[in-house]
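What follows is a set of structures to go through.
The following pair of complexes shares a single chain, subunit A, combined with subunit B in the former and subunit C in the latter.
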Partner chain A sequence: MKNIIKGIMYGHREKYWWLTIVVPLVSILSALVVGAVFIWSTGRSPVTAYKLMFGASGLFPGPYWKTHFAEMLLASSMYISTGLAFAIAAKGGLFSIGAEGQFLVGAIVAAYFGYAKPFANLPTVVHLTVIFVMVIIAGGLWGAIAGWLKVKKGIHEVITTIMLNWIATYLIADWLVTGPMKANVATGVSGTPYITKTAKLPIILSGTRLNISIIIIIVVTYLTWFLLYRTTVGFEIRAMGYTLIYNMEAPKAAGVNADIRVVQTMFISGAVAAIGGSFIILGILFQYPPVFEGGYGFDGIAVALIGQNEPLGVFLAGMLIGGLRTGATAVQLAHIPKTFPSIIEGLIVAFIALQELVRYLIVKLVESGKKKPADKNNLTKATNGGTANE
Partner chain B sequence: MKALELKGITKQFPNVLANDNITFSIEKGEIFSIVGENGAGKSTLMKIVYGLYTPTSGEIYVFEKKVDMKSPQDAIKLKVGMVHQEFMLIPRFTVAENIVLGDEPHRGPIFDFRRAVREIKELSEKYGLKVNPTDKVANLPVGTQQKVEILKILRRGAEILIFDEPTAVLTPEETEDLFKTLLALKERGKTILFISHKLKEVMTISDRIAVLRRGKLQGIVKKDETNEKELAHMMIGRNVVLEIPKADTKPGPTVLSVENLTVRNHRGLIGLKGVSFDVHSGEIVAIAGVEGNGQTELVNALVGFTRPTRGEITLNGSTMKMVTPYNVRTKGMAYIPEDRKRRGLVLPFKVKENIIMGQHSLYPFSKNGIVNDPAIDKFATKKLDEFDIRPRNIYVKAGNLSGGNQQKVIVARELSMNHNFLLASQPTRGLDIGAMEFVYNHLVEEKKKGIAILLISLELSEVLGLADRILVLYEGEIVGETTPAETNEQELGLMMLGLKRKEGAVK
Partner chain C sequence: MNNGMNLLNLSLAQTFDFAAPILFAALGGVMSENAGVVNIALEGIMRFAAFFGVWGAFVSKSPWVGLLWGIGIGIVLGAMHAYITVKWAGDQIVSGVAINVMAMGIITYLLEFVFKTTGYSPPAPYFGSNNMRIHLTFLKKIPVLGAFSNLTILVWLALITTIVVHFVLYYTVLGLRIRSVGENPHAAETLGVNVFKIKWFAVIWGSIFAAIGGMALSLGTLSSFTNSMAMGKGFIGLAAMIFGKWTPFGAFWASLLFASAQVVQLLLQSSASGIAKQIPLGFYLALPYLLTIGALIGVVGRAIPPAADGLPYKKEG
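Then we have the complex of A and B:
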C-alpha cells in the first residue's frame, strides 16, 4: 500500500512526459465507454446515440456540418475563455472558481457599452475596442478583489470567488437588468436594450452565426501560453504554483513579490473569463436578457481539468465540450434525453480526477513490458527515486 | 529481562550509511536515551525499531523473541509504540475520539462515545496523565496534545515507548511535566527509549545513554558514571579531516546591524530574545548553537518571512521594517537556505530555471518582461561547468538532482547575484565531505571579495574553521562572543549546551 501511494505521489513525471496527453485521452475514452454502458443498459443503441451526438457536434464532417461547426466554435470560445481563466489561476496555485461571476460581469459590461449612447455611433472597430477594454478592466478588477482579499486579509480564494459569484449574479439580475439598465417599456423589450449594429461581432462564415470570437479566443489562448511560458511574470506564477504546498517559500525567498503576483494573476484570470462573457452578448444574444442561463464558469473548471491547465489543452478541451453541447439536442432522435452529453462530461471529469491512478497504472503497464532487459536502468531509477523521496 | 535488543543493525541509504552495525540491548523498565548530532542516525534507528524502515542487515529482538517488523502495525502488535515529533492527531476530534481512533469501542455498529470517555478517564488516572476526554484537540496546548499521543499508544498496550525528540516542541514547564510522566511510566514497568540532542535533558531523565555519531555507536554509558562534558565530547569531539582554507581580511564597514531583535516562532512563543550584533564587510560571523535555539527565528526575521516583535534590522543603511522577502532581496542580500527542498528550489522547475530564479527579471535573462532563453541557457551551462553541477544537463528537473548538486545550484545562483551580504544558513546540511569543501571554498572566496557573511551552523568544526567571530546562541539569547583563536571545540560545545557563559563584549 505504501509503495502504491509513493508511486502515485512521485510518479515518473519527467520520464513519461507524454502522459500529460495520454491521460486525458484515456479519460475521454473511458467516459465514452461507461456512457455507452449507460445507454445500452436502458435498451437503446449506444452506436446510434454516439453517431447522432458526434454527427451534430461539429467536430466531424457530416450533414449540415457548416452549421454545426459554426455553432460548436461559438460555444467553444466561451468554454475556452472560462477554462483558461481557471487554468491561469491554477498555474499560480490559486483555486479560483470565480469565472462564473467574472463571465457575468463581462457580459453586463459588454451589454452596457454596446447600447450606451455616447459610444453608439462609433465605427465598429473603435466601438468593439472600447467594449473589450472596458470588459477586461471590469472582469479583471472583479477577479482582483479575490486576490487582494487573499493577500491583505488571508481569506482563501475559494470562499471569496464563490461569494463574488453570487454578488455578481444578483447585482446584475435583480438590480441592473431590472433597474438602471432596463430597456424602455415602450420598445417592448425585456432585459437591457439591444446593442447597436457597430457593437456586434463581425460574422466570418456567411450563412452561419460564426463570428470573430473564435479568432479572439485563439489569440487569447496564444497570449496565455506566452504569458505563462515566455514572460518573467509567468515564470513567477508557475514557480508559485509549483511550491504551493510549501507556502511558496522558495520563490518568495528568491525575491518574487508573491503578493503582487497573486493579485495580478487573479486580474488576468478575471479578464479572460470576462472576455468570454462579452462573446455571448456581442455575438449571440445582443442584449442582456432578464433570465440568463449561466454555468459557463463552472463548465470552465471541467474544461481546464480536461486540458490539464495547459493553454493548448484547454483549447482542445473547450472544443470537445462545445461539441458535446452542440450535439446534445441531436441525441433526442435516439430517444435519449438531451442532457446525456452532460453525463459524458461528468464522467470525463471523474476520470480526470482519478488521473494520478491512471498515470500510475499506465506507468506500471509500460514498465512491466520492458522490465527484463533493463536491470541497470532499474538500479539508477531506484537511486533517483531515493533522492526524490528523501 | 531484555525488553529490546538490536544486533548489528545496519541501514544503507543510496548515498549515506545511516546506521553502521549498531548493537545494544535495553532492560525492561529502563529509560534509555540515544543522543547524537543531527544526521547521526538516531531517527533512522528508531524508525527501524518502529517498523517504518527495514534494516539492510541485523536482527531485532523484542522481549527476547526475534521479530521481523514490516510496518508500524507489526510494531504495535509487539507492544512497541512511538510518540512522533509531529503529532498525528485530528484537531477537530475530541481527546477521546483521537485516542480510540482505529480501535473504537462500539455497541453493534454504533460508536460508543460514552464508553470511550470512561475508558480514557480510567487510563489517564492510572498513568497520572491529566486530560479531559471531551476537550477538542485543537484547543489544547502542545504539552497536553503530547499526553494524548502517549495515551493513544498506551491504550494499544505499548510496553516499549519511543519518544523522538519529544521536548523539541515543548516549553520548559511542559518539559518538566513530561519528565514526571516518563518517571511514572517507568514505575509501572514500561520501557522508554528517549531520543534527544539536548544533553541536559538526557542527564536528568535517563538510566543509560547511548551516543551515536555519523551512524556509528560511540558507546553506552550509565548516567551515574558520566557527565555532560564527557557526553558532549563523545557526541561532537571528532577529528575533522576537512581542511578549511584560511583568508585574512580586514573587516570593512558595517553591512548588517541587528539591534535588540526579539522574534516569536510559529507557535507564538518568543524564540529569539533581544539579540544584537553587527556584521562587517569582508568578515564571516558565525552563529553557533544547537538546533532549535533561535536560529530559525533569526533567519526568518532577516529574510523577511516573520516580522520581529521588537528590535531593528539595518541592511546597507536601510532599516528593514514591515518587509517581505522581496524587499530584502532588493537590498543586496544573498541567502543560502537551510532547507533547500522547501525554500531553496522549485523542485519541478528545470535547473536552468532554478539557477536564474531571482535574477530572471534582469537583463540579459529577460528583456521587457519577456524571457530570453538563449541567454539563460548560456548562463546556466556556464554555471554548471563553473560549479561542477552534475549531470551537466540544464534541462533536468531540480528535484531529480542529488542533495549535493541541489545545494550547488543554490550556491551558484546566490553567489552570482548582485549582493554584498550573504546569509548562509546551515549551508552544508546533509552534504558529504566533497560538497562541504566546495561550499567552504566559495564562502572564503566571497569573504576575500569583501562580502559580509553571516554563517549559521550547527557544526563546530565549520564554525571554528571559517568564522572571524563566533556568537553562541542558546535558548534564543547570545550567551557568548568569541573568536576561533580564543576558544576550542570543548568550550564552544559547553556554551552551546548552556553550561558555560562567556560575558564578552556582546556588542
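Then we have the complex of A and C:
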C-alpha cells in the first residue's frame, strides 16, 4: 500500500515524501483558523460563518445537498481548467498568468460558434465537437503567442501574458460584444445572441444545472497527467522546468528542442484555459454578457499552487475553491461579504508559500516523537527537499 | 496656437498623473528585484495601501495621516513577503500571489466593515484638491514646462524617488551591495555583505514605493477608494520595470510611455472624426498594451533580469 501511494507521488522519493500531501492540508487548516480569528476580530461569529459556508459549499452532505453539489462541480470545472493551465506551464518552467485572457478567448469563441448560422442546426454531438475544436485552436493560439514571443524575441512570458490579458479583455468587451457580435436590438438582448439548443452542454443530473463539463474536465485532468508523466513531450517539458535556472542547458544538450517545446507548452496551457471559458458560456450563461465577471484565470494560479502543480492535486484544489465559492453567497446571511472565501484562499496560498516553515515544524515534531537525538543534518536535508518547487 | 499649447501642457500633466502610480509600482519592483526578490504582490500592496490611505485620511481629515497609514500597511506586507521569501526561502511567486488574492478578499471585507458600503468609499481629503496641489504659476505659459505648474505632491514625489533610487543603486555602497546580492548572493556573502539584511531592506522599501503608488490612485487622482483598485496598475508597473530593464530611469520612461498611450487613447476618443470615429472603442483601450508588445518586439532586445532574481537564497553549511 505504502509503495502504491509512493508510486503515485511521482518524483518525491525523499525521506519525508508524505509532506507533499500534508503541507497543503496543514495550510488549509491553518488558513481556516486564521480566517476565523479575522472574522472574530471584526465582531462576527466565525462558527456561524463556517457553518453557512461549508453547509452551502456542496463539499459535505446536508440540506439541499444535491443543488449545492451540482453548483460546486459546475464552478470547480472552471477553476480546475485554469489551474491546470497554470500548472502545465509551470511544469515547463514558464510563469503564465495568461489564463484570464485565454479563458475569455475560449468564452467568446464558444459563444460565436454556439449561435452562428451555418453551425446552428447541426446535431448536438457534431455542434459541440465543432465548438470545442475551435475553442482549443483559438485559446491555444492565444497562449502560443506568448510562447512564440519568448522564443523569437526573448520577451519574458509574464509581461506578454499580462498584456495579452488586457488586450483580450478590451477587444472582446468593447469591440466584439458591442460591435460585430451584438445581438439584434429588436430582440431586447444585451450582449451576444443566445446559443442554440444544440450547443448547450447536456445535463447529467436532472433537477440541477450540472452538465458534462465536469466529465470533460476529468478527462482533461487525466490527459494532462498522461502527457506530463507518460509521454516524451511531457518528459521534455518537465526537464525544461527543472533546469530553467541554468538556461535549460541540460535538456538542450540532450537534444530537446526547447524553442518548440516552449511554444507547445503555451499552446496546451492556453487551450486548457479556453476550455474552461467555453464551460461558462455553454453550461451557465448561454451567451456572452455585456459585463463579464472574470477572475477565473487569477484564481487558477492559486488553485495550481494549492495543488502543488500536480494534475490530481489541482483537481482536488479546484474542488475546494469551487466549493468555497459556491458557499460564498451563503455567508452573506452572517453579514459577511461574499468575497470572504478569497481571504481563505489567499491565506492557504500564503501558508503554501511558507511551506519551508511548515515542513521544518512537522519534521521537527516527527523527529522529536521518535526520541532520536535531533540530527541537524538530516533535518536540513528534509526541509531542503521541499524547496525544489517549480 | 495658444489653445494647442494648453492642450499639450494639459495632456502632459495628465500623463504624469496617470504615470505616477505605475512609476511607483515599477520603482518598488526595481528596488526589490535588484536585490533578487521578485515581487508580483505590487498589485495587492497597492490595493491595500489605496484603501488604508483613504481610511486614514477619512478618520483624521488629513491626507498626510492617510499617507502614513498606507506606508504602514506597505511595511507590514513587505515584512510578510520578506519573512516568507527571505527568512524561510519560500517561493517568491507563491508569496506574491497569496498577497494579491488576500488583498481582493480582505479589502472588500474591510470596505464593507469600515464604511458600510460596497463598491466605493465616501470621499476623503486628498492630495489632488486645489489647496494641496503644488502651484508653480510662473511656468504656466511655457510650453512643456507648463505641465509642471499644477501637479500633485505625489507626482513630484514619484519624480524625486526615481532620482533618489537611481542615485542609491548606482552611486552608494548600499546600492552596490543591493545589486551584488541580486547578481550573486554567494559572492556577496563571501565579501562580508549581510545578504538577508539587504534583502529585507530592499523588499520593505519596494513595498513602501508600491504602497505610495496605490495612494497615488486613491488620494492623488481620486479622492476615494473604489473596489476595482488597483485596476491592474501593479501589473503594468511590473511590465514597466521589465520594459525599463530593471533600472529606475528605464522604469520612468516606460511608465511615461504607458501613461501617454492612455492619454492618447482618451484624446483620440474625444476628438476623433471620419475614419478614426469608425474604429471601435476596444481598439483604443487595447492600444497601450499593443504598443507595449510592439515596442518590446522592435526596441528592446532581450530583457535581462539580475542573475539571481527570483532564486531563494540559503546559507550553506
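Throughout what follows, the second predicted complex is superposed on the first by the 357 of 390 C-alpha atoms of A that agree within 3 Å, B and C clash if a C-alpha of one lies under 4 Å from a C-alpha of the other, contacts with A are read in each partner's own complex, and residues count from 1 in each chain.
Here is the rule we use: contacts are C-beta pairs under 8 Å (C-beta built on N, C-alpha and C of every residue); 3 or more make two chains touch, one makes a residue touch a chain.
Note that the coordinates shown come from a computational prediction; the quantities given were computed from them, not determined experimentally.
Colleague: Check the residue A:363 against both partner chains and state whether it touches subunit B (first), subunit C (second), both, or neither.
Modeller: Once the two structures are laid over each other on A, A:363 reaches no partner at all.
Colleague: Could you tell me if A:281 is touching subunit B, subunit C, both of them or neither one (first, second, both, neither)?
Modeller: neither
Colleague: With both complexes overlaid on chain A, does A:353 touch subunit B (first), subunit C (second), both or neither?
Modeller: The second partner, subunit C, only.
Colleague: Looking at A:259, would you say it contacts subunit B, subunit C, both, or neither? Reply first, second, both or neither.
Modeller: first
Colleague: Which chain makes contact with more of the residues of subunit A, subunit B or else subunit C?
Modeller: C
Colleague: Applying the document's definition of touch, where does A:214 land relative to subunit B and subunit C: first, second, both, or neither?
Modeller: A:214 sits against neither subunit B nor subunit C.
Colleague: For A:173, decide between first (touching subunit B), second (touching subunit C), both and neither.
Modeller: second
Colleague: Please work out whether A:233 is in contact with subunit B alone, subunit C alone, both, or neither, and reply first, second, both or neither.
Modeller: Touch partner of A:233: subunit B, not subunit C.
Colleague: For subunit A, give the residues common to its interface with subunit B and its interface with subunit C.
Modeller: 384, 387
Colleague: Please name which positions on subunit C make contact with subunit A in the complex.
Modeller: Within the complex, subunit C touches subunit A at residues 40, 80, 84-85, 88-91, 93-95, 97-106, 108-109, 112-113, 118, 232, 235-236, 238-239, 242-243, 280-283, 285-286, 289-290, 292-293, 296-297, 300-303, 305, 311-312, 314.
Colleague: Under the touch definition given earlier, write down the residues of subunit A that touch subunit C in their complex.
Modeller: Per the touch definition, subunit A meets subunit C at residues 38, 42, 95, 149, 153-156, 158-160, 162-164, 166-167, 170-176, 178-179, 245, 298-299, 301-302, 305, 336-337, 339-347, 349-350, 352-357, 360, 384, 387, 389.
Colleague: Within their complex, state which residues of subunit B touch subunit A.
Modeller: Those residues of subunit B that touch subunit A are 13-15, 71, 303, 305, 324-326, 328-330, 335, 337, 342-349, 353, 357-358, 360-361, 365-366, 369-371, 396-397, 399-403, 413.
Colleague: Considering only the defined contacts, which subunit A positions touch subunit B in the complex?
Modeller: Listed in rising order, the residues are 2, 13-14, 229-233, 235-236, 238-239, 242-243, 246, 249-259, 382-384, 386-388, 390.
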